[in-house]
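Below you'll find the structure I mean.
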Amino acid sequence: MRRLGIALLMSIVCSVRAMAGDPQQLYYALRNKVLSVKDYTADVKMKIDIDYMKIPQLDGKLYFKSPDKMKMVRKDGISILPKKNINLALGSLIPPGDVTVIDVGTAVLNGKTLRVLKVIPEAENTGIILTKVWIDEATVMAWRTETTTRDEGTVVMELTYGKYTKYSLPDKISIIMDVKEYKLPAGVTMDYREVPQDKPKPKEDAKAQKKKGSINIAYSNYVVNKGLDDAIFADPKPAKK
Amino acid sequence: MIKLLRIELYKIFRRPRTYISFGVVTATAFIFQLAMGAGGREFIEFGMQDVSEQFNVQGNIINGYLVAYLILQSLLIQIPLLVALVAGDTLAGEANLGTLRLILTRPITRTQLVLIKFFASAIYTVLLITWLAIIALFLSLFMFGDGDMINLKSDAFVLILKHDVIWRYVCSFGFATLAMTTIAALSMFLSAFADNSIGPIISTMGIVVVLTILSNLELPLFNAINPYLFTAHMVGWKGFFDSIPPYSAIGHSALVLVAYTLAFVGGTIYYFNRKDINS
Amino acid sequence: MTPIVEIQHVTKSFKGVVRVSDLSFAIGKGDVYGFLGQNGAGKSTTMRMILGLIFPDSGKIFINGTEFNNSRRHLLRHVGAIIERPDMYGYLSAWDNLKIFAALTDTSIPATRLHEVLEQVGLKGREKDKVKTYSQGMKQRLGIAIALVHQPDLLILDEPTNGLDPQGIAEIRELIRSLSKDHGKTVMVSSHLLYEIEQVATRMLILHKGNKIAEGLVGDLLNPNEMQVDVRIVPREGVAALIAASGWAGQMVVADNTLLTFRLNKEKIPALAAWLVGQGIGIVEIRSKHSLEDYFLSLTND
């Protein structure tokens, strides 16, 4: 583990020195670093804050395998993860392959001055149209991404680093995403309506606006690049048709 | 009074008809459990379509808690019939049998008789709901295991953690007992007017079905009367399966049900004390 | 002495039809009070009013000198009744039925009393059988056991011999007599048959379409001096004149060529028969009956 940390640190230092001032190189350095984490497991505390989802904090173990395999396991419990395109992995929110990078200057985020890049993939089949990424040039770590996807709207990820900086893995992430409508016929669910209280009806124009939701995850006890079997990610029951 | 209540319960539980209800609950729940075992996943995925578009929901979703909830949801529409089967028979059945006139020539008051009949029906209701709890909840847990429970509402997807479920069931079974006691009181009230039990049983079901339809119609006119329909409050047990139960609304619903129950029992006492027994 | 039951000007209508009209009577302690009337005369309605099953439109009912409505529960401790059919819980045994109805009092009745009363009505040994397997007569006897179990002073029995075979009728009749004579009970018993009332009652009341027609001691109402004797004869002209001229003229009611009707003492029937034979009148049939019965039958034939 210590050897891995040193290797990562070396690569950061080398990259920064070599690519300073070149946004394209900065982006590639970031991506290489992100993709250098081949797998990890971590204990997570996840809070989903979406209007129609009434879900308490979910504690569980998160398994990740590059590039996009992810699974959350809760003992005897139900786990909920966003689908593939809005993965909780940073690697899925930044464009792969050849890209065009535009430097849009710096911005201050939580008191930290960060380089802001716009990254456009050259391939058309990536699912990502554009990613805006806020990078700490000193450590080559992304603190925020704003990804416009083809099918899932815009996904914003904010990352906070602390104890696991040496693996370039966040302590906390926050994902803000577009949320689709949820509705089941009341005649089927036969809900209990709180009859005596006249609840204010949602405004009509509220429907027209795209709803946003957020998912906040706190990580701990990372175990990185120990090799995870694909079987871990297999759905125990047949997936949805 | 206790002696009279014991006699009443003895009469109820010595009659084969009483056990039909327990049999119906058992059979329906068991068929439901088998169906959920066979095709529950497709059924739930259909309900979760909107959620599944964006999220992977994994784990033992079809667990005992969810199956029990679905059984309750469907059975609590039929249980009024099973309650009416006994409560609707309390006075009318005795009239039909001819035993009412014999009972009323004994030195007990008519008010006493109505109260005994009501309490006996309420005890039967408690036992039926307890049986439902055993069959729907414990048998489902045995068959499907436990776990976190999902609840699909018309406007929300609720997830309740495993350790947070049981107390909600205890409360909802308690609430369901109260709601069914209201049905028992209604049935007994109708029973006071009749000389055979078919009328009150069918009338009770008619009233419950019509008012339930009105309660679920989202039309402005019905929304205005909805707070006054006891059927709208009968589903208050579901409130315990919200992420944070709306306690004040549930409390209000419980009070409405208690008020209706008292009104039905009071109405029965008033009418029955003035009724000529011609049967 | 205060009558055990007193009815004062009681009237009851159902849907505009008067069932009992301004009825008053009293039942003294120890009486076997016969309540006679055809079906629909108002007997059951009156009995139901005495038991508080239905409420009079007007008038008052007293039991042991206390107005019934003021103390229904207390007064019913002293009353046992069967109204119309003895309906019970068919799915339960006779013992269970007896136990259930015995418990519907505020006093505790020991099992020995249940055995005693079953013995009294002749159901001992059959008490474990379900009532639905009972014959009508057994149900009737079980009904009487239920009415008797709490040792009431007053028994109200509505048509207790209905549906019974002759032997059953005789048994019930004997039971009623014994209850009155040996146990000092006051019994109010209704029937649509005069003969039955005559057999058991000490006093009687005749009810017709809700109105009291006659009331009094059975001995007075059914006076043996008032027998009606119908003599059917071989047709013969001038019989009426023959009788009018004889010593039987005072007793003759109607006479034509085939039927002669007299009102006379039962003991004079043989002499009348001998006289008719002596006059060469061919007798086909002689029937005697109480004049009250004739009257009652005429009501029944309305």
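We call the chains A, B and C, going by the order they appear; numbering starts again at 1 in every chain.
Here, a residue touches a chain if its C-beta (ideal position, glycine included) is under 8 Å from a C-beta of that chain, and two chains touch if they have at least 3 such contacts.
The shown structure was predicted, so the numbers you read here are calculated from the model rather than taken from an experiment.
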item: Central subunit by CA centre of mass proxy; value: B
item: Label of the chain whose CA centroid is most distant from the centroid of chain A; value: C
item: For chain A paired with chain B, centre-to-centre distance based on mean C-alpha positions, whole Å; value: 47
item: Distance from the mean Cα position of chain C to that of chain A, given in whole angstrom; value: 98
item: Distance from the mean Cα position of chain C to that of chain B, given in whole angstrom; value: 51
item: Residue numbers on chain C that touch chain B, as the complex places them; value: 14, 48, 51-55, 72-77, 79-92, 96, 100-101, 103-106, 143, 146, 156
item: Touching residues on chain A, where the partner in the complex is chain B; value: 52-56, 58, 71-72, 74, 76-83, 86, 152, 177, 179-197, 235, 237, 240
item: Chain C contact footprint on chain B (complex, rising order); value: 3-4, 7, 10-11, 14-16, 97-99, 101-109, 274, 276-278
item: Chain A contact footprint on chain B (complex, rising order); value: 41, 45, 47, 50-61, 73, 145-148, 150, 152-162, 164, 216, 218, 226-227, 232-233, 235-239, 242-243, 246, 249, 252-253
